[in-house]
Amino acid sequence: DSGSGDDEVSVSLITKNSTNPFFVTMQQGAKESAKAEGVKLTIAAGKEDGDEQTQVQAIEDAIARGDKGILITTNGPGVNPAIKKAREAGLYVIALDTPPDPPDTVDITFATDNFRAGELIGKWTAAQLAGKPATIAMLDLFNDKIVSVDYNRDQGFLTGMGIPTGDKMKNGDEAKSGKYSGGTYQIVCNEPTTGAEDGGRTAMERCLAKNPAINVVYTINEPAAVGAHKALEAAGVKNPLVVSIDGGCDGVQQVKDGVIGATSQQYPIKMAQLGVKAIKQLATGGKKPSVTSGKDFFDTGVALVTDKAATGVESIDTTKGTELCWGKS
Amino acid sequence: MSPEPVLSARGLVKTFGRVIGLDGVDLDLYPGEVLAVIGDNGAGKSTLIKCLTGALTPDAGEIRIDGDEVHFRGPLDARAAGIETVYQTLAVAPALDIASNLFLGRERRRPGVLGSVFRMLDKKGMRDEAATALSDLGIGTLQNMAQPVETLSGGQRQAVSVARAAAFGSKVLVLDEPTAALGVRESGQVLRMIEEVRSRGLPTILISHNMPHVFEVADRIHIQRLGRRAGVITPQSHTMAEAVAIMTGAVTLEDRVAAVDDEDRTGHER
Amino acid sequence: MSPEPVLSARGLVKTFGRVIGLDGVDLDLYPGEVLAVIGDNGAGKSTLIKCLTGALTPDAGEIRIDGDEVHFRGPLDARAAGIETVYQTLAVAPALDIASNLFLGRERRRPGVLGSVFRMLDKKGMRDEAATALSDLGIGTLQNMAQPVETLSGGQRQAVSVARAAAFGSKVLVLDEPTAALGVRESGQVLRMIEEVRSRGLPTILISHNMPHVFEVADRIHIQRLGRRAGVITPQSHTMAEAVAIMTGAVTLEDRVAAVDDEDRTGHER
Amino acid sequence: MTATIQTAAEQFALRRRSPLQRVQHLLHGYPAISPLLVLIIAFAVFSALNPRFAQPASLSLLLQQVAVIGALAVGQTLIILTAGIDLSVGAVTILAMMVGAKLAENNGIPGVLAVLVAIGLGVVAGLVNGTLVTRIALPPFIVTLGTLSVFTAIGLLYTSGQSVQADKLPGLLNWTGETFGAGRWRISWGVVIVLLLYVGVGFALANTAWGRHVYAVGDDKEAAHLAGIRVNRVLISVYVVAGAIYGLTAWILIGRAGAASPNAIVDANLESITAVVIGGTSLFGGRGALLGTLLGALIVGAFRSGLSLAGVDDQWRVLAVGLLVITAVAIDQWIRRVKA
Amino acid sequence: MTATIQTAAEQFALRRRSPLQRVQHLLHGYPAISPLLVLIIAFAVFSALNPRFAQPASLSLLLQQVAVIGALAVGQTLIILTAGIDLSVGAVTILAMMVGAKLAENNGIPGVLAVLVAIGLGVVAGLVNGTLVTRIALPPFIVTLGTLSVFTAIGLLYTSGQSVQADKLPGLLNWTGETFGAGRWRISWGVVIVLLLYVGVGFALANTAWGRHVYAVGDDKEAAHLAGIRVNRVLISVYVVAGAIYGLTAWILIGRAGAASPNAIVDANLESITAVVIGGTSLFGGRGALLGTLLGALIVGAFRSGLSLAGVDDQWRVLAVGLLVITAVAIDQWIRRVKA
């Protein structure tokens, strides 16, 4: 029995990093719901995407601290053994946002499927193009690191476009040109952005230097899309399709403003709230949460936000998107 | 016969961890005189002048300039008080060139707006003056004034340091073994320079291991031994051999009472 | 009268960018002699001995040891050939203590397994020997043998460097201004050491600006001027004043033909 | 030595020169030429691989891409010249940018004020670093490692990780990203500011007493102290000036990124230090020149862009940049090591 | 000076000592005590905040958490002592680990061989770094910056970023993560190896000629050269030994992480350098001791985990660690600066 010193239920939230707005939002959501539920929450995070060691230490600290449960967005399979240790020590571990590999590493996952999020914007793009040739820029996250969001979103997008991908865990190994579901495509570049505006801009500039006729821009997240938009604007490229993932409140606004054509919206606040509630319930004798039927995780959902709905792709408009952005409810 | 000393120190103590550098040293420097400080290696000569010139802060003791107690917080304070020093370690910036080193901390600016608004250095002027200062010291082998100091020969480097002090000394000149690395001609030139400075009325403290040099220019000789002052003599009162004997502890000053004919001036031998 | 030279150099040239260090210098060192090298600051004395001891690679010219041409790739090669050098810059590691510096590159190991298997240093042994070596040089003021060299006085530091060379020289001893920072007693000790080395049959190259020292111990005197050899004299053939005059270019050796009485020995004056 | 006599050294100087040695010798006379040469070679190679590389449009972009790191590297050069190192460059810049931008967004302060706030914060941060380095005599590595964490945390706590979008900011803050044409070039105002920064600081380093003192302090702190230089004052001034430059860079960064975002310039430390070191400034202080830093920043930028344009794959590019950095500095060393 | 006479200096030594100065003076005699003291203070404070902190279970965990960076810091200390710096620590470790693990997974090589492959790769990497530093005389910063990219890229290209889970690895590779009990402590074999590493390398540095030469080379390379030390050989040996240590650390890392993952350690560069610098080793070379590095690593680890156990949130923790690092080194400096 851990944490017997006080009756207060304590929970750890361990995010991938604490600079990405997505995770900062998740942390705030968790804080608010912890306050509401009367749970003591400790927040930890990796130093950057992919930082497994810091997460492992945070898990060990949670065990030592006597927490009842852990909410974690894992940075990679390197944290699995630590999660196992935590569960053996009686902690309830919930993965948020990213299902670990294998999924049964944790008790349950509250996540959106990044691959699916990518697929949605891919499908939307294909529909918008309506058979026109696609000249695609892929603005990824890193080139000196391989992390799951990066390849899941990238490969999801390509799959949605109907472009056959090679290794699903590897960016950039697909054929550089060929046919997508509507017509022919050409992939101009895979450039790293570090998921920020300045990186997005530089990446887009490099892609445009290679081929100024780009008409489809995939971006790993909305800040990268903002930077890419800047570069496109400066280069005078008219009306390319810029698609992105996250659906943050800023991001939805950018869809409304036409900076981004469509974005896949995810719900970090919802994930955090559900997680905190679940552990509180469990600790006070309630029952365990269960997975969404047909999936091996609890799907907190993903929605395509766009004001230019495409036939065959379910979407919500920006008004609705603003209401829901990041799962504030 | 007993004017006010320009610089005087009483009971200076300086220790480094368990090593004792100075062990209660007194010193007086009178106007217009050349005071030599001699002593074995490690006797505390450099430590003494470092304390006098603000490079070290003594643990105890007091220093007076023109009778007023001073507390130097650094060499700059001493310099502001008119004390110009050549340290044994030379204190040159190896990567800077000769002119920059000579004018370090006292750079000259261009005339006009370039100097006052843009604060631009008068590089050419400083280079020319540096060349003059060095050739005044008899250093004629310098082929290129833009050479960084680190590429100079040992003696040339020392000459740069001495030339700096000679050019700027305004009240007291302190020279810690200024001729150690210098050639015969260059050493002679430094001794001439010291005499010339004395003739201008400026007093000099000269540390040297070269007894002929010391006896040639010194008015009085402070003998340092094992961190203390073993005594003060003059070239007239003692011979070189006697000075060396006192320095090495073979005899003490008390052994030869008759010799200390300026006892009344320096006041307080032990 | 003309044995094979132990060390000989012909036509050494060394330039630094546009600065000329050596300009075609010859040098011969015969068994058991003390060869002094004198010259103004910047005349190329240090550059000369750096070329001879592998610290610099000459641009042109050849060096022979016992008649065989050698190409030193570094000071270690020269050391392996038995040439032990005190450089003007002392070449000590400031943060290491005295004993470590004395035995640098030739550390002594403990006897037994500790030494052979664990390669453990004989620290105490080295410290004791260092203390002996230094007191042999008359340095008695060292209070703490574990002091890092950087905290030593200028002269103490030089003594460490000289003691190192004295302890290990096996064929040729090269000393670049070994007494520059030393006190009277300590300098005398170094001169005694040089004489003692000569009596063991080892030749020495001594660079010094101190003419009395040079004339006291040297057998022959190589005069360096503006990167060239101005001539070779002996203390018997010339007076100090003459030596200085040649050194400074006031007279050339040819002006006093009669004086070069060992011309036949050194062979080829210009 | 004298013009009339043909000395051995002169004879030596005349013979024994292969064409390669002649080039080496020529370059040695002008130290700044050597990184420039590396840059020129890089340009030649990359435009051979892809002719677009050398076009004014691409080069204009290259300048804009390099501007931010180039500006930070000016401050970093100053600090490295004093034998220090600044690990807090990125953190200071982000903090200055976020506070300025948030104040403009939430409190509606005008653009000028926001820029001044950013520069002011940079100055304060520099003062903190400088004071710790001088008064408590801590190694700059430790000080800036500590303040890196402190400033980063303050920035995140202040902003909650949220970025501020360009449209919520006064126009002046975005102005640095705007471009003007000059022939077929498109230069942003940010680039102009950075170039002015190089000219100004370069002038101060080379032609003022302060510049000399910076070199002297970095060269041998103890000697500078004995020579009567106010070492601490020089050090503090360097950290403060560097801080002000970081604050100014914050402004340039907003214009470039189109938003003020706490995620920007992740690798600012390593990249700015790299530019300085490739530019030939010694990490041990006292040796180097600002022009080298500019060239260093351009070299790295040119490599990245050039490899990308040449169509080199992502991860191979990481490998190639590594090899190129080593090669570039090796060429530079070779030129410096010229004999005779 | 003499025992009989009461000299002025002795009088001085006797008077003028506040209790604080007495403590300072006492500590000054034993330099290693000062980071130790910082560590002890940290322990006292953190166990006051959360009593669990000082329990053997938590402390055992702390040791395991610190082990990997602690091991890498041994190699980093060696290189920094020679006035170098190694930015490729992390990249070499990951490369060695991934190649060893993949060979074991795909080609089924036995555990011993996998460990030897890892160490061998470390040695090769060290040889590459060392050769570039000595033969081409490049600054270590540049060399290792370049090889950082090169080794990272090779690792990524070789593994495609895929990790290898423990169950696919021979038992020996996981052995370093296994723990044994000692009272209420649980020590992992990895921790034991790291401690042995400290003892071994510490002995070599303090008690062998090689150790002396490492210090001498870092202290003044030119002087060491003139004194007849084979500077290049010493430098290469240091890079090779460091590389071997990184290879060995790869093994410890597998056990610790329970998997061989290319993302296992980020920030290894900065963290290992931090441990070295907090431990009192000078970045300018020639001064420092290995024991300090161990304490430095423990100090950072204790701060991190102490704050975490105290329930401090991530961003506040970043801030606190920054402040603490500065404070810790400031205390250390204060003790070193004792007068008289």
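For reference, chains read A, B, C, D and E in written order, and residue numbers begin at 1 within each chain.
Note that in this section a residue touches a chain if its C-beta (ideal position, glycine included) is under 8 Å from a C-beta of that chain, and two chains touch if they have at least 3 such contacts.
Here is each chain with its UniProt name: B, C = Sugar ABC transporter ATP-binding protein; D, E = ABC transporter permease.
In this text, all values refer to a predicted model and were calculated from it rather than measured experimentally.
Between the contact lists of chain B and chain E (ABC transporter permease), the overlap consists of C, D. The interface with the greater count of contacting C-beta pairs, when A-E is set against C-E, is A-E. Farthest from chain C, judged by the mean position of CA atoms in each chain, is A. Using mean Cα coordinates as chain centres, the one most removed from chain E (ABC transporter permease) is B.
The geometric centre of chain A is 34 Å away from that of chain D (ABC transporter permease), both derived from CA atoms. Put simply, the C-alpha centre of chain A and that of chain B have 72 angstrom between them. Averaged Cα coordinates give chain D (ABC transporter permease) a centre that lies 30 Å from the centre of chain E (ABC transporter permease). The multi-chain contact residues of chain A, meaning those touching 2 or more other chains, are 18, 48, 144.
Among the residues of chain D (ABC transporter permease), those touching two or more other chains are numbered 156, 315, 318. Looking at chain C, residues 20, 89, 226 sit in touch with two or more other chains.
By the touch rule above, chain A contacts chain D (ABC transporter permease) in their complex via residues 18-21, 23-25, 28, 48, 140, 143-144, 171-172, 189-192, 194-199, 201-202, 205-206, 209-210, 223, 226-227, 229-230, 234, 250, 253-254, 257.
Those residues of chain C whose C-beta lies close enough to touch chain E (ABC transporter permease) in the complex are 55, 74-76, 79, 85, 87, 89-96, 100-101, 104-107, 109, 118-121, 123, 164. Contact residues on chain D (ABC transporter permease) toward chain B in their complex (touch as defined above): 203, 207-210, 212-213, 215-216, 219-220, 222-230, 286-287.
By the touch criterion stated above, chain D (ABC transporter permease) contacts chain A in their complex at residues 50, 52-53, 57-58, 61, 64-65, 68, 156, 160-163, 165-167, 177, 179, 186, 253, 256-259, 261-266, 304-305, 308-309, 311, 313-315, 317-318.
Chain D (ABC transporter permease) makes touch with chain E (ABC transporter permease) in their complex at residues 83, 85, 87, 132, 136-139, 141-143, 145-150, 152-154, 156-157, 270, 273-274, 277-278, 282-284, 315-316, 318-319, 321-323, 325-326, 329-330, 333, 337.
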